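You will see two complexes here that share subunit A, one where it goes with subunit B and one where it goes with subunit C.
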Partner chain A sequence: MTDFSVVGKRRPRLDTIPRALGEAKFSADLGLPGMVYGKVLRSPYPHARILNIDTSQAERLPGVKAIITSKDVMPYKWGVFAYTRDQQLLPLDKTRYLGEEVAAVAAVDEDTAAEAAALIRVEWEPLPYVIDPLAALEEGAPLVHEDKPGNVSVRIFVDEGDVDNAMADAYLVDEGEFTSPEENYCMLEPYAVVANYESTGVDIWCPNAGPHMKARPISNALGIPTSMVRVRKVHIGGHHGGRSEVSPADFMAALLSKKARRPVKLVYTREENMNCVRQVHGARTWVRAGVTKEGKLVGLDFKLIMDGGAYASTGPIAASVAYQMIEETYAMPNLRYEAIRAYTNKPPRGMYPHHPRTTYGGLEMVLDALAEKLGMDPMELRLRNSVYEGYVTPTKTVISSCGQIETIQRAAEKAGWKEKYGKLPPGRGIGMSSSACLIGFPMGIRGGSGAFVRFNEDGDATVISGVVDNGQGNDAMIAAIAAEELGLPIEAIKVVTADTSMTPSDQGAYSQASTILSGGAVKAAAADAKRQLFDVAADLLEANKEDLVARDGKIFIKGSPEKSVSLAKAARTALGRDKAILGRGDRWPKGDHKREWVSNPRGQLASAFSYGTAIAEVEVDMETGRVKLLNMTAAHDCGYPINPLSVEQQMHRSALEAGPAGVMLERHAWTAAGQNINANFTDYWFPLATDVPNIETIIVTTNDKFGPFGAKEGGLSISIAMIGAVANAIRNAIGTTVHDFPMTPDVVLRAIEARNESESGSTTHE
Partner chain B sequence: MEQVLIKLTVNGREEDVRVSPHKTLLEVLRDDLSLTGAKNGCEDGSCGTCTVLLDGAAVRSCLLLAMEAQGHEIVTIEGLSDGQNMSPLQEIFVNQGAVQCGFCSPGMILTAKALLDSASSPTETEIREAISGNLCRCTGYTKIVEAVMAASGQPVPVRTHPYEGDVSERAAS
Partner chain C sequence: MQLPRFDFIQPATIDEACSLLDERKGDATVLAGGTDLLIELRRRLRKPGCVIGLKEMRGLDYIQKDDGGDLRIGALARLQWIESSPIIAEEYPALAQATRLVAVPPIRRVATIGGNLSLDTRCIYYNQSEFWRSAQADCIKLGGDICHAVPKGRRCLAVCQSDLAPVLMALGASVKIVSAEAERTVALADFFTGKGEKPNVLAPGELLAEVIIPSDGQRAAVYEKLRIREGMDFPLAGIVVSLGTDGQGAAAGARIVLSAVGPAPTRIVEAEGLLEGKRIDDDLLEQVAQVMFERAHPVANLAMDPWYRRKMVKVLTKRAVRQALETAKAN
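Up next, the complex of A and B:
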């Protein structure tokens, strides 16, 4: 039996102490000698050609140090994939959404920079534009990119088995169409960059989901070697999927600094952060599901239109993940999925844990409708269709460890499902949903993580890793893994992370890979360092190094802790023998490198899969349509909890973002002229403490073979599951399916009225 | 613009600052006094990350002109501790897991402090109402509510259900 001393133990996150003290420095908190301040001039049109930019008046304003326009940039286009390079970090010829960057100014203070930006004269030729994704896909629609006919940004098509036959043979088939406007990431920290460009290179501090993933495109856009771009460690106020890519702000700040020959700070306003970084796709999903008499799924059929906004961003991934998560959740032999991501003249859209809510939530509501028609408990339907260890999905991914059934059972037990489902008073409802989450997919040459461990004279260790901490606790996670592997208390571990000049490459906080890849690399590096220490300790203890273990700062022969040597002594002894203890390790995702999102969606997709089940209870006011969320319960198979407290934290984050935010409140709204009218926290309904009930969490363990100490990821499967749970709870309370997200009172009331009408309609027919 | 000399009392110290009259307290704290613990999450009064204490009450420093804060006792997050040791309230926030990315934390902790200074054992509803002007995207609020309950000596309800100990045996079998 393994007996861990650090991992698996609930403990406060040491990385949060500077944040509680208020001393943690976020990008906007930084200052450098001689620093000047940036402001961006943005497009007032959703689609317009830039005919001329005249900066002469702005340049004459006292205090202005630099102005950049398209004249200062090379024709480099950013794209996540070679085939999606479509975004100029400062557009050369035309702007594609209202708010897109046109020029930027650096001046002695923000007010002067803003004044100067307002003095820049742009000659525009407004172009026809398209805001609605369905209209964008129609023939003759204005083209967002001239070289993208039909405004198709990405098309994903998967057709495994024989869906039409399966549906024809099914005992029951049900379907539904669901819609959703855009959501916002709402990370609390508005985007901010400090850049300092000198002859030796440029230092950049900015929120990011992977410093190494930023350095490369920034260097490409600036036309300098990647080694000259140093993206540096800084505190980050949330990622949530919206810090995945290079931002025009990074590039603009660097270029302004180069031109001004001074450090530049560029801080986005809340409105800019909501509108001009990334948003979450709006979507429309049609879903059809067929089951046997016993409730076994025989096939799933999806058609999606996603509103991708002006640029491709992570489009191929964003348009694919929903079917992947679903085929890793429910076993069924036949799957058809078509997603079209359309270009529109709106801000570009990126990844988000539970998007599209129409696909995850829509499917779950269709499944509940089927369960009802079969006279089956929805929980039973999910138990019968759960995937399992060793299951192969229609697109040929093998599921490794899988605790889904246990998450269903334990969530149900905790939430009192059996006592409540079908037995609640009118207006009350309970809903359930499960989901998988894929972890660590191959991302080519930048898809792995490396780590070093070095020993200090006093026996403390420093871990050097490219992992980034966006607030989710990755720094604490690697410290715990190193402490456990080395046999040191966690206080004896220092971490150096997320600095492209100092830390080895890391895949970034994408596809929940930080624990298994970055954590796995750290574990390997710590094991390497430990082997080196054991060489010395074996001598000191006159023992075989194979028999040694390290724990609580000591090395001893397994089973006899009485006779030991401290790690500090072993490290110092090594130094005395002219040997430095330096451990190294790396970890790469396990997946089929030939699998490709668009061209070849077949093969092993990811390294591991986490599982989650969510249950929610609601009360609906049938007169007003107002929904009160009474409680949320989540059970999560995280593999093994490196720190149970952190896993709970992530489950809580997921529950908030999916339930109150994703199902009930959040949406962006637009004028016909392409203006986002609620890019602020007053008009965009971010859940407040009074909107969110207490969240109950249950951790399920499965000890994954690939993950460090059996760990997989913390909490993301709950994001997806909670969408279906809350949507189904509302469905259960009002006795009909709601087809539009978010389920605000007006939307719920319409559904109730439609149900009443159809009921009275059917009575008159009888 | 014409600058004026104002006197502010911040974290128990008298500070003389020369400011433009239109500068908010948040700007002066961050830019002139280097107290960057107060955050600028929206600048329009809707997020609470800029919260400071003004004579013990939680206020949004982005909505207050620095000049208006003269003659009042201002406490920022930096004023709660000596910079090395957390105050008991900060420690409880950390221990309960009520801090994640930490961007909301300075404002949240100060709002909690104002509440705890005026109510000795606030109910869950009172806590949720008190912090409802402080947005947090990371915590789902549950652990913040629990931290405030713990800080006022109230029992924290068990909402988390631990995994079943060590399961390596099961994995090995």
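Up next, the complex of A and C:
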């Protein structure tokens, strides 16, 4: 498996040079002849009925080209699933969060559009609202959706084995309750759309995580065939889960363009991008774990309340993934998990690599508490409970390749775990956590990826794939896979990606599926093209096509590279024989199609699983509660690294997002009036370069059978594992568990004081 | 968000600037580094008819000693010059230290000392976009009569967020204010009003021209800034301790300033008095810290729990006193 000429080599992403040179254009940089500018009017109430919208004054303002309100839209509701269709992309009857779209204007410039938006008169009937998810679930709470009793957006319930019995028989049981407010994606690129609606169809450029996943709902909302909607991306400044779905902005820009009969550009402000796109769920998790005397887990029990905000979004997935990742990490026969995702009058919450942090981080802290009581090294506890290849989870998912134990061992060795754990001076702490990450779950008829490979006259190849590169290096990934499979140098590969009129459907950059599905489809298409080339080359070389191999631009008989024909010559010879080399391939997730998030959470969940272990070391100022992160170590089983540089970058990204950001800093806060108080980069804290220590990375290979060249995914396991690692390091440093995320100095100090009080309290008793 | 419309005029001299300010009295604001003003304009927190740009103006961009040995810093001196000035590094290291704690290097390259001292007070309910503010009633600082941070509050307690003000106050600095008619010098302690809605005494038509720091002998000063991240953040609380020693290791002439917990940095004379002529031990430190704690009344108007900000006043006071004394002894 190691004799590769392209994959497995470190190389920059395809967008690195254009970005470094300033050539890269983002959606907001685009311009079209006659283009006008959009501005959105938003609800100043967290919950209010729209009684009337009067646009007459705004329409009279010179420079205004179009105004859209609920009168211009069809009653189409967007939902990720058929049973979660609850979001009108421009609300008809009422707004459900402060900042929700009410109307939009297109005008000759942004100032005029803003002025016109301010002239729109809306007659409101403010309604009672609910901000807190616990209050939302109480009887008599105001209903966010009239047809959703009790404000229950999604309820996930899994009960496998016999948890109550397991806990009763366990040698030790421990539990904890953990809370977390919302996080923000903080993409550096605020959302921007350029839309051009013409009689032949609508062109849309916008940041996205899968253009094919947007085209369908946009066509539905506009009432035109999907073939008339062309969604493309240019360069994208961050995704992190927050660009997963269709955005009301896509729809509004398209509709404004239709009405104005001109291209429209709509660019969100930073505040809009933080408050009116998607956010990360706030949550409350209660977790209980039982172990045997030997430290074997016998059961896990979870209860979660998640704050879903105003709409369902990816709710069923978001409310499920935590138990899935956990049962794919730890082998235990009894699992009970109940998650209720509540509707509240806050912005809707979407997908995120690691959430809720309360579930992952909470469980890891409970496990460390159990290890302590058992007198066991937390590393040993994790080694003893690791899943393995062939293991079947309580909900009947079979684990394929699994390098978890190797990630634990290698991370521990690199971080000096044995030398440090239990031996650090006061105020210092070290923590560890492992996690699985599921890859490629079935998503129905749009859940697979297709690809084409075509040859140019000079022997270079163009790869056409629906995959989207929004920072993780997907373009370079498919180029490397195509080059390796075809036997071409990577410079000979051109990629065309993420364009719904040009590229075959692709599941999008969700579920960590890009490498195994999009990459797998490209590999299949390249293999198909290669077979066609070998037909020709077999003639030229007077050889059996089964004996041929391609490498470094040449086709030759295996073992005899001295006699060869170039791929270019084979491609040209084919053209001379009236035959174009056109390869095709597709790849679909390996999972049980009958498994369903809510109604049937049983069966094979995903195609493969990555594994990771994170270790963090901290120093806590016991007087101020301030945590200094000293270092982070990450070991990730990526299957096989198509591009080791990208795998390391993904591990860095994951470690940063989970540790310094997720555990230590990020949170939204709300006024009693339902207003997001820190939807800006001054008061919303995310880590700066100076807050992030050195990150050591270790790549573990397991050569998965399903993934292309054995590859799985680039580094997301670390975005889960690093939560537990940093939380446990803090726990280790201060000698008590912190129950609230993020662990800002005030929160840590309260935990230290509570510990001091309980210690002095027990001293008095003695 | 776009900027609102305004006249933009760039005077070449201080006199021109003063007469412009006089002509457009009440309607004009000056633009120095712009790191704060531009955000306020975008958010429509200020709607001046005229912005007087000082970029082309000469005469206020110096850092120099006068004949009397005082240090004079022109209001347009950039923060980056202050943190890298040899005179300041030598004689007022606490000023250089505090300057390095302001925002981030790119901002310090354009922000000015005058701008930092006249920084508007901030409140998490006030420093928001026009849309955000439209969803609630106007607060006192916006000309209304309610306070969102303190229910039933009758005063604006928006917080002074200048890192340099408390340090300069502890160094005994004063500021020169000029206008078309007159010129006045005001001790920094009198420059701040203590009113969140109108934090300093600058009147319409007046321009902050210069900061004057007296020669400080063998004193040592330390600024302890409470913030969450290693950069960028405004202070959540601040303590400055400046003192000398009597040669026997006891504190002399201490000045202690409490900052970023209310509308103005404030010298806490009672705490200073406790230190005078005393050798410092844990008991004394505790007493001084307790006085500071009692004088600090942060409210829920920044992005951090006031319970914590107040508590840290105590911790930071002890640290600042200890460190200042050590430095003073070493001098």
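FYI, the second predicted complex is superposed on the first by the 763 of 766 C-alpha atoms of A that agree within 3 Å, B and C clash if a C-alpha of one lies under 4 Å from a C-alpha of the other, contacts with A are read in each partner's own complex, and residues count from 1 in each chain.
The rule is short, and it goes like this: contacts are C-beta pairs under 8 Å (C-beta built on N, C-alpha and C of every residue); 3 or more make two chains touch, one makes a residue touch a chain.
Here the structure is a predicted model, which is why all the values come from computation and not from measurement.
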Which superposed partner A:T744 touches (first subunit B, second subunit C, both, neither): second
Partner chain in contact with A:I677 - subunit B first, subunit C second, else both or neither: second
Subunit B versus subunit C as contact partner of A:T269, first or second or both or neither: both
Which superposed partner A:C186 touches (first subunit B, second subunit C, both, neither): first
Contacts of A:R42 with subunit B and subunit C, given as first, second, both or neither: second
Contacts of A:A669 with subunit B and subunit C, given as first, second, both or neither: second
Partner chain in contact with A:E623 - subunit B first, subunit C second, else both or neither: second
Partner chain(s) touched by A:A537 [first = subunit B, second = subunit C, both, neither]: neither
First (subunit B), second (subunit C), both or neither touched by A:T690: both
Partner, of subunit C and subunit B, that touches more residues belonging to subunit A: B
Set of subunit A residues, in rising order, touched by both subunit B and subunit C: 269, 680, 682, 688, 690
Complex interface listing, subunit A residues touching subunit B: 1-4, 8, 10, 12-13, 16-26, 28-29, 31, 186-190, 235-238, 240, 267, 269-270, 410, 414, 470-473, 640-641, 644-646, 648-649, 652-653, 655-657, 680-682, 686, 688-690, 692, 694-703, 705, 710
Subunit A contact footprint on subunit C (complex, rising order): 1-2, 104, 124-125, 127-129, 131-132, 134-136, 148, 228-234, 303-305, 307-308, 311-312, 315
Residue numbers on subunit B that touch subunit A, as the complex places them: 30, 34, 36-44, 46-47, 49, 76-78, 80-81, 83, 86, 90-91, 93-95, 97, 99-106, 109, 124, 127-129, 131-145, 157, 159-164, 166-171
For the subunit A and subunit C complex, residues of the former touching the latter: 42, 44-45, 98-99, 110-111, 114, 269, 271, 623-625, 665, 669, 671, 673, 675, 677-680, 682-683, 685, 687-688, 690-691, 744-746, 749
